[in-house]
């Protein structure tokens, strides 16, 4: 039982990191960035490329190397996110949702098969691996790498929360989320805030990608698809557009999924997760923390 | 004369704000009523409550003796209310004729099987749709091209098409939300006579309008709203002299009178 | 919904076509020309491979025309459309194999099951906002595939194989490649025609009204939810028949054929061809399904190219390569005297 | 697209005419047909994954087959001087693409098919080749479903799932593992071995299958199955899926502190398995047919392969090599490129020497002995552990 909870929490923290980007972008420009999961994949491959070009790294340095590579990867995926917004989404601002969504599918495809064309379609083994002791806590087996990764995730989320709550950019983000036109009138540089949002969201996903590579050891060009869907589910569960909701949603989904897999068997895990998504969207589309919004005619 | 529409004690709140707060009025057959009031008085919200786009938190809307409170817009439209929107809500990519045909959806006359097999029924009903669309465009005095998308039309033409679409619904009650906004003098005169001709078809009209000149000339009764409720009701002449109206509506801001009184 | 409807999906062409070429493209005979080409193609090349590729392409056209009803006409983004094909393929395959029936007799069951699938997927989701709908349909698509992969009745991961052919009367076997190709072409042509005709009917207009402005459509008395559900059900039926033909064509059905990629490919056909315009969609489907066969060596790059194309099209030509025209002929029929009263009784 | 009544009628007549001509004569449309010409090169179809996630194996197979083709051609070809030619078509492990590929090969006039890796993609090829009377010598795909088709043109020269399960059980009993957990990746091939092994274990009775479950391929986190395994605490985990997920599961099992042994099936025998699994891969067993590396006396063959393709041979290189040699032998025996004659010749073959030993087909047209051995990972590489003889 406690093993179940722990496993759920661990996977959930990955979902949460990715869900944050989904949620932030959605909150600000009401865009469902379908390609967000692929940014996570891109992050893993950037990390892979960086580590491979560095050559062999002694195991003792692996955590340090991991942090450095993670930073590099965050920078690059953040930039990629900004570029994507610039080239694919910005020209379509104000266009019908259908057009933007289709574009997002196109971006997702381009990323997946672009990486596949460059790095090859085969799964790659990640060059460094976090190894560490396993110890038992309240009946759950917990490994050191898990603790390290969860700590990193927690630090990133706390930093993000601080950024959004305390800085002027964060305030601008929140005000745009409430009313873009009014924010424009208030002299907020909406474009620059959107750019930053994309950078931060993508960087977080990129970090998650490197972490997944280092922990699981295998990366492939389609790894972002399912987890992107799951992250979206997490964002919806928490209340899309709500940053704390995304974190909460990630953990909740990890949890719910772990239990679902336990009850119905591992092969039904995704079915269970999507069923939860559909249930939430139909019964409580605003999620756990979201507010009910009346749409005006 | 019997009441086509009776609104009693209508209320709706967004968050803590009561946009409509106990509005009551009724519309008789073949009557033209204007709802006026300062911006934010709750006129459009009231329209949206009546037509089902908002669910009123309290109150009742009775249409021809039938309670339609809180029903969905399509059902209310079918029950016999037709409306236009404050900011044009046409189908911009579709042709003028198709837009008017939208108003005829409830005529039926064909089903999907007719459409797939092009039965005589289908050909007949399509012919009738088209003829009728032309008829209503003629009726509103629309003179532009009819096979082109709406987005190519001038604003005034679009307003005409929207009214034609609403008329094609052939309901006993027509709600017009600021039909004169953005029209020039000649167009406003056209609107004036159009409204009278619509009334002569046997349709009652409720219009929200800021153009006082138009309102005074056109309407038989005026409902004045402020802060979500009717503060006065009566003939144009009565309303003009009503102290409460002058205070609420005209009193504080003389410019408002000036800018709206020029039609 | 309160956002300004400044749509970029608008057709740019607003006047009747002037050049002879574009007149040809819009002429009513074009469907016949296309059918003629499809019918005569095997006289030019009739290797089993060519027939196989052409049959696959024809089935793909059917799928695209079905998705066009949902996405093109009604504006509902369905990212799990292939699920309907899976339902059709599995239904016909399972029944035909279990009772050793020719596939043609499974048509009623396919109809029932696909309509049910349309209802099950559509009913809870069609009240959602468009972007949620996209994700939820994707989720349903995956659920369908995973379920097919995990159940025994669907044959699990290896699926169903050895499915009987469409029909065999004496020596006349509908399953022989050339005959099957013609059968497919005729069925597909029928469905494409039906979809195009639906698009130009009262229901088709209602779909477009819903796509353009749901509130205004409601105000016209259109039950948007019901109309959307109908679009879904029609799309499902089209997809189901695609599945039936697919099962007949391959004689095998496996979950691998119903991955998200396939849904995305059908969507691309619709988008590239021109959402809402059946002719454009047919061309789009042919391009998407035939091009990779012609460029088999560039397989690694084709999805990348598709993805980039999708972005480029959406940014620069969102109406697709062959959009539906924004105009209609302005014929008036003076012989109908006073239409105002003519249809009064019809309500 | 509005149709007039007259044109509809016209169309109907035209189609009816066309259909009858097509149905009766077949000549009008069957121009392409099988070209079993009496001269020129003889084509061997090879429908294998060239793209997609199984692409690397496809390359190993193509190289192995090409090597045999080159050798035979150098020695004077078949049927007294006719050259062999390999017609490789991509199937990407997808039914639709494999059908297209098979049809293309038939159109190109192939005489024998020597491909087939993914069972799910190979299954729908059978009716196509069968209709064209083309024998299929399947070097890799080995699902029991292929056997169940009972098609007279299907010859499987890889051990079947059943034989692999038998080998697994033999080894399990030999090593004295008392409890076994069976995990597959929900693909056709993998599930086949799982169910087969389980039923053999149950029939045998000495060993206990404490867990038999599936995971979803393509994920990263397999903590659910790891939990199940830890809960069941078997002395051996038998993973019957492919290497991508296999590597992850081995790694996650080891990280969770799993103390038992792990064995994988032939789909996981790939150098990447050890890379993905990390340190935990050491000592992992595998049920596998002989590979050149584990075969005594294959050094020359490996050297030749390396010289020709500048890379090491991989899984199914040898089987593909043997498939081509077998095809050539059958064509020579049949003294014809006629499919039916070649099928007869294949059925009659007895004692043809292959990597897996002397060949004689069972009535089911499978190997009489699977030739499965047990490999183990030592220093990151698969080496022979037990030849089960």
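Points to keep in mind about this one:
Per-chain residue numbering starts at 1, and chain names A, B, C and D are given in the order in which the chains are listed.
Everything below uses one rule, namely that a residue touches a chain if its C-beta (ideal position, glycine included) is under 8 Å from a C-beta of that chain, and two chains touch if they have at least 3 such contacts.
To keep track of the chains, here are their UniProt names: A, C = Branched-chain amino acid ABC transporter permease; B = ABC transporter ATP-binding protein.
This is a predicted model, so every value here is computed, not measured.
Between chain B and chain D, the least number of touching-chain steps is 2. Compared with chain D, the chain whose C-alpha mean position is the greatest distance off is B.
With centres taken as mean Cα positions, chain C sits 33 Å from chain A. Chain D has its Cα centroid 38 Å from the Cα centroid of chain A. We define each chain's centre as the mean of its Cα atoms; on that basis chain A and chain B are separated by 48 Å.
For chain B, residues touching at least two other chains, in rising order: 53, 85, 118. For chain A, residues that reach two or more other chains under the stated contact definition are 121, 267, 270, 297. Shown for chain D are the residues that touch two or more other chains, namely 2, 51, 186, 214, 216. Contact residues on chain B toward chain C in their complex (touch as defined above): 51-53, 72-75, 77-78, 82-83, 85, 89-95, 97-98, 101-112, 114-116, 118, 122, 125-132, 134-135, 145-149, 151-152, 165, 169-170.
On chain A, the positions that touch chain C within their shared complex are 30, 32, 34, 87-88, 91-92, 94-103, 105-114, 116-117, 121, 225, 229, 232-233, 236, 267-268, 270-271, 274-275, 277-278, 281-282, 285, 295-297. Interface of chain C with chain B (complex): residues 5, 7, 9-11, 14-15, 194, 197-198, 200-206, 208-209, 212-213, 215-224, 230, 234, 326-333, 336, 338-340, 342-344, 346-347.
In the complex of the two chains, the chain D residues touching chain A come out as 51-53, 55-56, 186, 213-216, 218-225, 227-228, 230, 244, 247-248, 251-252, 255-257, 272, 275-279.
For chain C in complex with chain D, the touching residues are 28, 30-32, 35, 39, 42-43, 45-53, 56, 146, 149-150, 156-159, 161-162, 171-172, 176, 178-179, 182, 186, 192-193, 196-197, 249-254, 256-257, 278-279, 293, 296, 299-300.
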